[in-house]
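Listed below are the structures to be examined.
The same chain A turns up in both complexes below, where it pairs with chain B and then with chain C.
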Partner chain A sequence: MQYVIRRLIFLIPTLLSMLIGVFMLLHLTPGDPVEMLLDIDTAYVPKEQLDLIRKDLGLDRPLYEQFFRYVSRVIRGDLGTSYRSKLPVTQHVRSAAVPTLHLALGGMIIALLIGVPAGIVSAVKPNTLTDYVTVTLSMIGLSAPTFWLGILLIYVFAFRLPWFPMIGDGAGSAISVLKHLVLPAFVIGVHSAALLARLTRSAMLEALSQDYIRTAHSKGLMPRVVIIRHALRNAAIPVVAAAGTMFAYSLTGSVVVEMVFSRRGLGYLMVGAINGRDFPLVQGLILVFGTAIVLTNLVTDLLIGAIDPRVSHG
Partner chain B sequence: MDRAQTIPQLRDAPFREPPSTVWRMRRQFLRRLLWTRKTGGIGALIVLALVVLAVAAPLLAPYDPADQDLTRRYKSPSAQNLLGTDNFGRDMLSRVIWGARVSMLVGVVAVLISLLVGGFLGITGGYVGGILDQVICSFVETLMAFPFLLLALTIITVLGPGLFNVMLAIGLASVPMFARVLRAEVLAAREREYVTAARSIGASQSRIIYRHILPNIMASLIVLGTTRIATAVLTESSLSFLGLGIRPPTPSWGVMVAEGRAFLERAPWIALVPGAIVLVTILGFNLFGDSLRDALDVRLRHVRK
Partner chain C sequence: MRKSFVYLLTSLVILGVVLSGCGPTPTIEPTKAPTPTKAPEATKPPAPTDTPKPAPTPTVKTKKKLTWAFAMGTNCLDPAFQTGIPDSNNIMNIFNSVVAPKPGSLTEVAPGLAERWEVSADGTVYTFYLRAGVKWHEGYGEFTAQDVKYSWERVMDPATKALGTPALKVVKSIEVVDSRTVRVTLKNPQPGFLINVAFTPNTNIVNKRAIEERGKDFCLKPIGTGPYRVVKAETNGGVTLAANDDYFGGRPAIDEVELRVVPEESVAVLALKAGEIDYMIVREPANITELRKAQGVVVNGDDKFAASIYALWLNNTRKPFNDVRVRRALIHAIDRETLVREATEGMLIRVAHSVVPPALVGHTDDVVKYEYSPEKAKALLAEAGYPNGFKITVDSMKTAFNPIMLTIVQNYWKKVGVELEINYLDRAAIRQHQGEGNYDITVANPTRAEVDMIMDYFRCGQFPPGPNMALYKGPCELIEAQATENNPQKRIEILKQIQQQIAIDAPVVPLWYVIEVSAARNYVKGMIPNAGTWTTRFHLFDIQK
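Moving on, here comes the complex of A and B:
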């Protein structure tokens, strides 16, 4: 418990530096925020009016004061207003979060379902054909660019074989949502699956070479029991550690995958916001992504402690 | 009296292996790199092919990559256009070959940027230590918590799209990684006897760093650089695909996939071929990098004994 509290306190400097970075983003970017907000050439607007807007936005205050205002707004859950839609950023985030969460979770499930068994199989039978095929496939999976894999799957499974819908995130029924999720989740899961397969393989190889495995075998236990109960449990720690990081990467990987499949999630929103130079929205999204990743890392660490009693959080 | 005159052999005549031994070691190294694990040889071939394509693109490309021929649009692969033509009737093969030049340029320049900035931070932190090291470390650790693509996207938001900005964004996003690896390497090298020896004969700090530490951490630098080129190429093509990287008509593989996407049903090769080339490129650099790591590690262990 003490450890949890300490970890939570350690979050503060990380989150603070993230806030500074995101805040500076707007001030490092060339261009006048007022001009971007109005979306017109400010040369035709009287200077008094511009100053009024600037004052209204607090842009005439010193930088540190602007920063404190920004932080206090963010803490109260106000991420600002989008330049383009004039809607609160939180509203955008809330509606886009669901497709992205579906995608990230779906990707994780696929990665675990493919990656872990593949790693176990190739570790149990090292240097066989199965092992070579797994290792080769995981190497290719690690190298395949997400955007290309997505388009390839659309071509094969939506054009050639009309099994799945091409694009969109599906609305209404759960079945439609699920159908729209299969291809993108697979695309986002492949990279993690490949990484997991490699990790599981090496962790299992390591675990299988330990003395207690020989003891378990000599006790006459079934090979399946030895592999699952003795080896896998000990191989699980590095795998769980990596799975946490993978979830974080799946979240940002959604940027590319959502563009390929036109899913209106956080990544789709982000690309549109960067292209439209909609800075409050970009800032808000980076904060959301960043916080999600920092929290995922925290949960992973705590999870490892729960699985492995040897890890002491003292 | 000048130091060099008292102990000249320490300054001017470093110990060298006899030439025959050096050649044998080089042969053994190459054998391990390219032959012992066949994948290393495959990776090396792919990397070599890409470098040749990038350097000799004007000589190898059968057509001008920007030459439009509206009478020959969406032609499927044939003897005249080995990889077909795109929606403007441009030759896909020529565009893919010129794309290699763009990708290799981005990969190499981005890695050089991160090597310079990250190397400077890491070596300074690792060698000088103290508060400076702590500041650099916490900065690096904070940035390392975020996925690479998110960092690159954030920097691109500030810089805007374009070839140079993409190289800069990818290079800067890699800085934390380079700083961390180099710092660890310098920390390890700093405690070695040869550094103590160099210091005891009065070598200056910069001389110790450049002549003693740097050559000894070169192996890890090369391995890191090779694998990071793969990441840089992948990130460039992803950013360009999103419309946030290199802009058309520059033949970047990512741009080509994005452009070809609209014609997936009519001419699937426009999008699928450049993407497959990206895969082969990444695969090549990854395989070569892995094999390089194994081969160099073996040699390092050998020397340590």
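Moving on, here comes the complex of A and C:
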């Protein structure tokens, strides 16, 4: 428990330094938020009105003051309001988090279901046809660009064969959400599955060559028991660590998939916020992403502790 | 064993907390206290409700629904705060202004909330005679002259912080003569006033009571008088409109119009081909070509309605562009006929010679034309003191026609010794550079319904941050004169002189007149080529399967 608290406390400096970085970057990047709001040349808007809008957004204050005001608000749990929509950032995040979480979970499930068994099979039968096929497929899965794969899947499974919808994240029924989820989750999942398969394969190969495996075999245990109970449990550690990182990645890095499949998730929100120079929204999203990554890593570490009794978080 | 169990349990708890924290929350609707749905002084028995009443759909007929796609979602449907194409487009269907765009014309307007109007002899006083019996959506009562005064003064008041008031900045005062007559006095005569009003989304008339009652929620739950009312609108997301049964122009043929956000245009193209959507705006040349080949799809776009001039804006205050010979040489160096054909993949688009687009008042083709001639270009460059050419940079966004156009231009210019470096930036960065006048060349295609607003791009008093991106000092007095010239014939004559002078001075490299290309399933009827994306008017459409 102490370990968890210590890790959570460590979250604060991490987030703060991230925030400083993002804040500086945003203000150094060319582009005026007011101009982006107007969608028209500022020349058409009276100066006094521009000043009012700027003042309203707090952009008339010195940079350090803007930063401290922001941080003090964040500490009170207020992420501010979006320049563009005038809605609280938390509200934006909450509604966009749903499709992204679905996507990340769906992708993870697909990755685990495909990647781990594939890795085991190819490790158990190294240098056979099965092994070569698995390794080649995982190579393709790894190198297929997300964008290309997304469009390809839409073309084949939504356009040529109208099995799945092309646009959106589905609303209302669970069936609709699932239908909208299959293709994008597959895109995310394939990439992770390829990585997991390779990782599982090498970890399993290493584990299978250990003495205790030979001992287990010579004790007369069934091969399946040796592979699952003895080898996989040891091989699982790097795999779980990698899967955790992948999950965090798909929470934050599924921008391309969300754009291709028109899912209004966090990545889509982020792109719009950056293009529109919607500073509070970008900063809020960075905070959420940072927290998500740190927490996912924490969960991963705890899981590893659960699997591997040698790891101690005392 | 017990220790590992504790770890597993803790991690599951944390995962649970994380997931529930950002997981599906019961309400995504604005968390603010629900605004009073019943007005205290409700004048009519059917009290306005936020939940749309089930439209009295005819049971025999199937519901006609049009789904269209755009790359951006909605933000705010309040005319004062709209930003971006999907908003302005929906606003033009939810609200009305006193006058409306006349279908298929950019030189005339049609009656809107005003049945007719009178203009004083000196062109400064407009009297609008308003329609009787126009009803606001959702039982918000009847439209009156007071609404016009309120709406326009609201947008003009700096305290409202409306996002831009280009059409109304000339207005001096608004006076309610009686409940059906409103008199608008301008600071100076402005012949383009009505066209500006018809095409500018923030001149649309809003309902005071609804704005006061709904506050911030008015953005997504607006009340208008237009052919469609809002059923559902989501921030960053889609909008669903339903036909207004009481629309003064008659109930629209299409019962429901839904905007769906599709950020990736090639996906929208597949969706249109598959019939998952019915209508879209197309930007990427390759997609236009693909849709023209597709079965069951009609592609619309007519050069006659071009309201946009696509040009390379040379910074006339910088070397080497401060020399008119260099500017002319750069135009001579490009085979624009081939450029247009290649870049637009054979669309019927004309090469631009004049800077005024063809659909606008006063356009003329009777200007100096710089034919393709690398020899002339080289001679002019040598004359100007650049026999070996020079190196310049262009700022551009990586969208629509820009990349292919710039690559072709780059090749043509290379042949006369001019080396072009292409600097791709995002929109915000481009706008900042444009505002500072900080570039050699910048790419833009201003789209305006009123010729005076195109003139802003060449006005002497409009150097950056104003829109005069070429930093060009040309026929200053003439440009001011046309803006206030009340006699239409005289104005056209002045505009002709201006266009001729600009062509001689060559402050920009005119490329072509951009048209708005839309595509639809072939059962969508009544489409009128768009002057600009923001003017798609769905009540003129029909679906005939």
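What we mean here is this: the second predicted complex is superposed on the first by the 274 of 314 C-alpha atoms of A that agree within 3 Å, B and C clash if a C-alpha of one lies under 4 Å from a C-alpha of the other, contacts with A are read in each partner's own complex, and residues count from 1 in each chain.
Everything that follows uses one rule, which is that contacts are C-beta pairs under 8 Å (C-beta built on N, C-alpha and C of every residue); 3 or more make two chains touch, one makes a residue touch a chain.
Only a predicted model underlies this, so the values are computations on that prediction, with no experimental measurement involved.
By the touch criterion stated above, A:L101 is placed in contact with chain C alone, chain B being left untouched.
Looking at the shared chain after the overlay, A:N275 reaches both chain B and chain C.
After superposition on the shared chain, chain A has more residues touched by C, the comparison being chain B against chain C. In the superposition on chain A, A:F159 makes contact with both chain B and chain C. Contacts of A:M222 after superposition: neither chain B nor chain C is touched. Of the two partner chains placed by superposition, only chain B is touched by A:L142; chain C is not. Look at A:I151: by the touch rule set out above, it reaches both chain B and chain C.
Of the two partner chains, neither chain B nor chain C is touched by A:V133. Contacts of A:D56 after superposition: chain C is touched, whereas chain B is not reached. Contacts of A:A248 after superposition on the shared chain: chain B is touched, whereas chain C is not.
Shared contact residues of chain A, touching chain B in one structure and chain C in the other: 29, 151, 154-155, 159, 259, 271, 275.
The residues of chain B lying in touch with chain A in their complex are 39, 138, 142, 145-147, 149-150, 153-154, 156-158, 230, 234, 237-238, 241-244, 254, 257-258, 261, 264-265, 268, 271-272, 275-276, 278-279, 282-283, 286-287.
Residue ranges of chain A in contact with chain B, taken from their complex: 13-14, 17-18, 21, 25, 28-29, 139-140, 142-149, 151-152, 154-155, 159, 248-249, 251-253, 255-256, 259, 270-271, 274-275, 279, 282, 286, 289-290, 293-294, 297. Of all residues in chain A, those touching chain C in their complex are 1, 4, 29-32, 35-46, 48-49, 52-53, 56, 84-88, 91-98, 101, 151, 154-155, 158-159, 162, 165-168, 259-262, 264, 268-269, 271-272, 275-277, 288, 292, 295-296, 298-299, 302-303, 305-307, 309, 313.
If you check the complex, the residues on chain C that touch chain A are 1, 3-5, 7-8, 10-11, 14-15, 18-19, 22-25, 28, 30-31, 69, 72-73, 75-76, 83-84, 158-159, 161-166, 169, 216, 219, 235-237, 260-264, 266-268, 270-271, 273-274, 276-277, 425-429, 431-433, 435, 456, 462, 465-467.
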